[in-house]
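For clarity, chains are labelled A, B, C, D and E in written order, and residue numbers in each chain start from 1.
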Amino acid sequence: MARRRIKRSAKSGLPPGTLVHIGERRAEESRITMLRYEGEHFEERIVPAHQVVRPPRDQGGVAWYHVAGLHDVAVLARLGEVFGLHPLILEDILNTEQRPKIDETEEYVFLVLKGFVSSEEPTGQLISEQISIVFGPNWVLSLQEREGNRFSTLRDRIASCQGRICSQGADYLAYALLDQLVDGYFTVLEQMRERIGEVEDAVLQRPVPATLHAIQQLKREGMFLRKSVWPLREVVSRLERLEEPLIRPATGIYLRDVYDHVIQVNDAIENDRDMLSAMLDIYLSSINNRMNEVMKVLTVIATIFMPMTFLAGVYGMNFKHFPEIEWVWGYPYLFWGLILVMGLSMFAYFKRRKWM
Amino acid sequence: MARRRIKRSAKSGLPPGTLVHIGERRAEESRITMLRYEGEHFEERIVPAHQVVRPPRDQGGVAWYHVAGLHDVAVLARLGEVFGLHPLILEDILNTEQRPKIDETEEYVFLVLKGFVSSEEPTGQLISEQISIVFGPNWVLSLQEREGNRFSTLRDRIASCQGRICSQGADYLAYALLDQLVDGYFTVLEQMRERIGEVEDAVLQRPVPATLHAIQQLKREGMFLRKSVWPLREVVSRLERLEEPLIRPATGIYLRDVYDHVIQVNDAIENDRDMLSAMLDIYLSSINNRMNEVMKVLTVIATIFMPMTFLAGVYGMNFKHFPEIEWVWGYPYLFWGLILVMGLSMFAYFKRRKWM
Amino acid sequence: MARRRIKRSAKSGLPPGTLVHIGERRAEESRITMLRYEGEHFEERIVPAHQVVRPPRDQGGVAWYHVAGLHDVAVLARLGEVFGLHPLILEDILNTEQRPKIDETEEYVFLVLKGFVSSEEPTGQLISEQISIVFGPNWVLSLQEREGNRFSTLRDRIASCQGRICSQGADYLAYALLDQLVDGYFTVLEQMRERIGEVEDAVLQRPVPATLHAIQQLKREGMFLRKSVWPLREVVSRLERLEEPLIRPATGIYLRDVYDHVIQVNDAIENDRDMLSAMLDIYLSSINNRMNEVMKVLTVIATIFMPMTFLAGVYGMNFKHFPEIEWVWGYPYLFWGLILVMGLSMFAYFKRRKWM
Amino acid sequence: MARRRIKRSAKSGLPPGTLVHIGERRAEESRITMLRYEGEHFEERIVPAHQVVRPPRDQGGVAWYHVAGLHDVAVLARLGEVFGLHPLILEDILNTEQRPKIDETEEYVFLVLKGFVSSEEPTGQLISEQISIVFGPNWVLSLQEREGNRFSTLRDRIASCQGRICSQGADYLAYALLDQLVDGYFTVLEQMRERIGEVEDAVLQRPVPATLHAIQQLKREGMFLRKSVWPLREVVSRLERLEEPLIRPATGIYLRDVYDHVIQVNDAIENDRDMLSAMLDIYLSSINNRMNEVMKVLTVIATIFMPMTFLAGVYGMNFKHFPEIEWVWGYPYLFWGLILVMGLSMFAYFKRRKWM
Amino acid sequence: MARRRIKRSAKSGLPPGTLVHIGERRAEESRITMLRYEGEHFEERIVPAHQVVRPPRDQGGVAWYHVAGLHDVAVLARLGEVFGLHPLILEDILNTEQRPKIDETEEYVFLVLKGFVSSEEPTGQLISEQISIVFGPNWVLSLQEREGNRFSTLRDRIASCQGRICSQGADYLAYALLDQLVDGYFTVLEQMRERIGEVEDAVLQRPVPATLHAIQQLKREGMFLRKSVWPLREVVSRLERLEEPLIRPATGIYLRDVYDHVIQVNDAIENDRDMLSAMLDIYLSSINNRMNEVMKVLTVIATIFMPMTFLAGVYGMNFKHFPEIEWVWGYPYLFWGLILVMGLSMFAYFKRRKWM
């Protein structure tokens, strides 16, 4: 999974803070959407990088810049300049192999986490992208690796001033972004659980080697998911403990709610891992069971026919002095009688041993 | 288990605090039972949602509202309004995929946990429902997912003023609810242990693939039980550390008792898990053992009859110059003598190797 | 093990503090032995429950009441009254499914732990009983589930004023009781290790399915022992940190000694578990090994006799034009020569492959 | 791996602080490169040991001494004298079996860690060497086990005053050294992941015993890597918490960045371990699967031909009274008809069982 | 290992502090060597127990008493009296089943740990003995279970005033004793690693059941080693945190060095355990692999010869109307032609399946 992308070593030897985009390079331009709102007032525009400005400290409302696509290093450099971001933070945004983390300064909070994309195909493997969120007292900067806007429903909620979002500050918007990403984990988990359910049926009914590979694939995706979600506990809990002016007390309870969701996701992942392990056990023991079945058939056949073949061999011998051969009833009664006795006693033996 | 119910993703994209009932939708109405008591005084009524009132702060006694059935979102919204519950807490009550948790404000304490229902069938799989408890200084609100009243024995104890419950406050009632749920875990554990005992007998006597599935089913239920009980440690311990006016010091010792019970339940679950793992080991090795038995039978049969069949084949050859064939004693002494010698020596060999 | 006894659910729905004896009900009466000593002075009597009195606070010496048998709930209620024990503590004493724990109030310390009985039979399974110890400044109350007195050697040491016990207070007596129970664990561990040694010999020499069951039985007993000893660490360490007047500083060093012993017992149990796991590995691989042996025998036999039988079959064919049949040396040289060549080359092949 | 080098016991019995080089002894001389820089000023020289001097405390800029090769104990003794290093620290530098650690005094900070060398061969096993870094307020001493200079790119960055390094102090240089070593881990991990990818292909397509050995070899290297990286968390985190004058606040954020990288490396190693375990599972189950295939072929063949051979044997018997033998249609219809019926029914049976 | 020695239960029921030697009883006398040194001054004598005196508190230099052999309880009682040791400490010294521990009073520090003896035999199993060290401000008491003096090199270093030992106090001597014991662990580990290397070669080349036993034996020794070394971390770290007058600040850095070594030993043991587990995996899978080989040979033989034997049986039948029998070319062309075709197609089939 994503083996080609890991070229972290490309940065080896460069001075820290050098901006190099690590990850898949995509063709599209980076695209910046600006969104300003203050209560009922709402404004949305696509802006070029040089028009991005940091709102003055005493300006009300929230200015939200959403960047889709990370490959244009110049855009990022410009954003870093405008919002006063530390070079190492810009580096973290570009390096899409980050594990979820949080960094706070007096001016802003920086969050990195993973967003998952629901693939449309039924076998749907996990597609992830790195999402970075930076927010100050009255501005939010969100960056996503891929094109499009994964926060469009949120944009609609702000536009229609639905819920309480449009009357809240930048911290609440950051929370809303976080919440939506975590909600996305539940969707991914449900898709995964469906695939687990299919694999489970396969394991119980007719396990084939492909079933094993499916289990392993799911295990690996679970591992990746876990790697993306596990550190979030710490991230959200630290975010929750931040103080004004970055996080206002009223937002705290919402963050605790996200924290509970993160723990729930973690629990669900652990659960899936346990289920997959159990399936592996069933798979392996079912292979053994079938081997057992095969061996029993072989043994039953061999045990029945070997003595019979021996008997037929005996009466096929060419000894000159061979009294039974001469008997009139030798063939129909002696031979088939013996065969019948042997067959029945074998049958009884296997019946008793429950092999048949 | 309960795969169809998990539709957490239905909420994805909605603003936080939007009330959506996640879980099985049942047909019956939500039904609110009100119970007021103060010492000997006792009063019980079924009330419609709009008659629910929060008792004034200086009113003595305890007002207990018990809600059965969660699908009527309007009822819950009304309760939230009356008791001043935060929208996120209402959301938690409705989302029946919660893990046990506690949330406290200055006004009330909120608890979510799982209650188990003893199914009447002998194969009895685990049926669970989510129980929410909210309590303030002189009121308790309990909500159960299913219809009926799982706290009817408690109601009877209050009605007959048995034990000390009718002279205690809301915190003691909340404790009593908690205590009864935890007592229910012991019942579930006993049922489970009985099923484990049956599976154990099956494993030791005649393990079949169905035994493996039973083990896995029990393991999964144990996993689910564990998920429901493990976080309770933290919940009860945090409840115990709360202060007046929500928890009075005299109630502390009772909560510590519940805490001990929770730990006991956790220990028992761990124990069951270990027993199930051991059974899996026995199951797997007994499959191997039986394979061994099968192989031995096959080998014994093949080893005895192959040389004999060869011998019979030899004397069935049609060589013109074949002296033994002509001998008078060739068949009765030479052939059967050789067969006897071969048979006995094989028998001795297998006896020595303990294969027979 | 003890499956019939677990009827914890019998209490479900009763108010907390209701005294119900959980465990095996035995026929004998509860019997209270009183022992008073102060330096050289020593007095011992069997007393009925109504004569039990709590010594006045300023009375010197130690009053030790030992109760054997827990089924008489009235006796316990009386003791609770005399010594001012909380109903929940009386409940804990009667519920013999407790895990080791400690509870302290300002008046007394309450300890629950498990005592093991050395069974006389050689296959000796583990027999356990619950021991409760309550002690105040100048009194000790000890309760054991079974009849008899497991502390009779301690009684003798007090009577003969051996060691320092008769000049010490109630805390030292409580320590001595604890110490003797922990010493009992070493005896149990030694018996267990002897049985492990026997199983080990069986595994290395001639593993049979019964060996597997013996391993599993030992594992389960180890699990039970572990469950009984593991929480003792916490119990003893908390006891050690208690302060005057319940625990005097001079007793601290003795308690630390008990603590070291508890850790030693825990280590030994872990060790036994590891050894049993290793034995399971050996057992399983020895089954595989023997299967290998069986298969080799089968393969060797089949590989030698199948070609030979084929050859005999060839010369048993009835073709009219069959030149070899007519040859004078066909049977003795051609046939037996081919058989010899085949046999020897097979033998060489198996020798080279180390199968024979 | 490196089994010959571990001769730690050679030091047993010597007084502590005795300098003995533990590890592979190499022929080349220890070589000291001195590098002094202060802003634009840059000076580089190879110096003999007796010319090494510790810069005075108030001298600006940074003096960096890099030592390649550790076998010359006299050189190390001289360095210890100049920089006032404790004998135990000199011992740690020489003992190349150290685990990563940090030691700080008021004068200097001492770090030991492992550097990995990218081997050029494709099968490339892991080659490691011990790197020691000691730094004071205005000097850095770095020591590497092997010849050459693994920090030459860093030297170039200083020489060309690239990035911010040439305007920073000794702590930043120490950070840069650390950062480069940790960057090297990513390179090693990428090489390893490539080899894991190859092994994975082998496991899924055609697992042979060599695949198992490759898995085990990778596991062992992962273990070694883990041992080298795991303690670095603690080391870097302690370094980060150090105070002025050794670590200036501005360097803190860079150290936190290194800390994040270390955690990322640890995560990746854990990931690789999990993948290797999964491969082991697939490998083992594929062996079982193939055994299953083999057994099925055997059973199918035996089940088809044993009854047929018996039938042929029957009609090869020499009974005088054997009616079927005489029938004109006995051979073509009776015999081959029976054979056909047997063959087809067997075929149907195996088809139904999905063995063919 | 040492199963006969564990007779800890012999002490059960005795008052605490009763001196009973637990362990192998050896014939030789306990032998006390006294060593006094103060700078250049050095004095060594074998003293009887009654001449042992505790140096006055203000006396300079160090008095070191080394006791070899623990079975003479009277000697120990005398030492306890002279140095004012608590009876429980004397008990700990005699009970040679102790896990490493530390006990400190205001007067002295007491350490118990395990020393390993390098056995001379090549198969060299681990031989251990218990070493106790007690030290006060100007005296050290060391006790070893076996005869001889395992600290003779240390004695020589003191005699020749080599290193800094002769100018240091009792705490440094205690450190030196500890250091030498820990150095001994490295020797043991190296011997063990050599045996692991041999077992590894055996596993990769020709695994036999004896290999499994060797692996298990090494695992058990690793377990024992681990049990002896693991608690040392805590012991040394607590020793390091002790204060004057028992541990002087200058000794602290040396103790930290020992602490690092202990951690290194622990790491190495964990490493060995992992390697042994990997070997067990290889062993088990190689058994399966060989079974596979055996089964393939069997299947190939059976698949080739069963159809051929059937064909020979067919032409051995006695049907009167049997056209092929009469053909002139029946035997040489029809029969052998069919045999050849069958043989070649089987061969091609097995070649394609890579079974040959």
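Quick note on the criterion: contacts are C-beta pairs under 8 Å (C-beta built on N, C-alpha and C of every residue); 3 or more make two chains touch, one makes a residue touch a chain.
None of the values given here were measured: they were computed from a predicted structure.
Asks: Moving step by step between touching chains, how few steps can get you from subunit B to subunit D?
Replies: 2
Asks: Using only Cα atoms, superpose subunit D on subunit E and state the rotation angle in degrees, rounded to the nearest 5.
Replies: Value: 70 degrees, nearest 5.
Asks: Suppose each chain is reduced to the average of its Cα coordinates; what separation in Å results between subunit B and subunit C?
Replies: So the centre of subunit B lies 26 Å away from the centre of subunit C.
Asks: Centroid from C-alpha atoms only, then distance subunit A to subunit C, rounded to Å. What do you get?
Replies: Centre separation, subunit A to subunit C: 43 Å.
Asks: Where in subunit C do residues touch at least two different other chains?
Replies: 288, 291, 295, 298, 302, 306, 309, 313, 316-318, 322
Asks: Beginning at subunit B, go round the ring through subunit C first and name each chain as you reach it.
Replies: B, C, E, D, A
Asks: So in the complex, which bits of subunit A are touching subunit D?
Replies: The touching residues are 3, 6-9, 11-13, 15-18, 86, 88, 91-92, 97-99, 101, 103, 206, 209, 212-213, 216, 219-220, 223, 227, 280, 283-284, 287-288, 290-291, 294-295, 297-298, 301-302, 305-306, 308-309, 312-313, 315-318, 322, 325-332, 335.
Asks: Show me the residue ranges of subunit B that touch subunit C in the complex, using the header's touch definition.
Replies: 153-154, 157, 162-165, 176, 179-180, 183-184, 186-187, 189-190, 193, 197, 204, 253-254, 256-257, 260, 263-264, 267, 271, 274-275, 278, 281-282, 285-286, 288-289, 291-292, 295-296, 298-299, 302-303, 306-307, 309-310, 313-314, 316-322, 354-355
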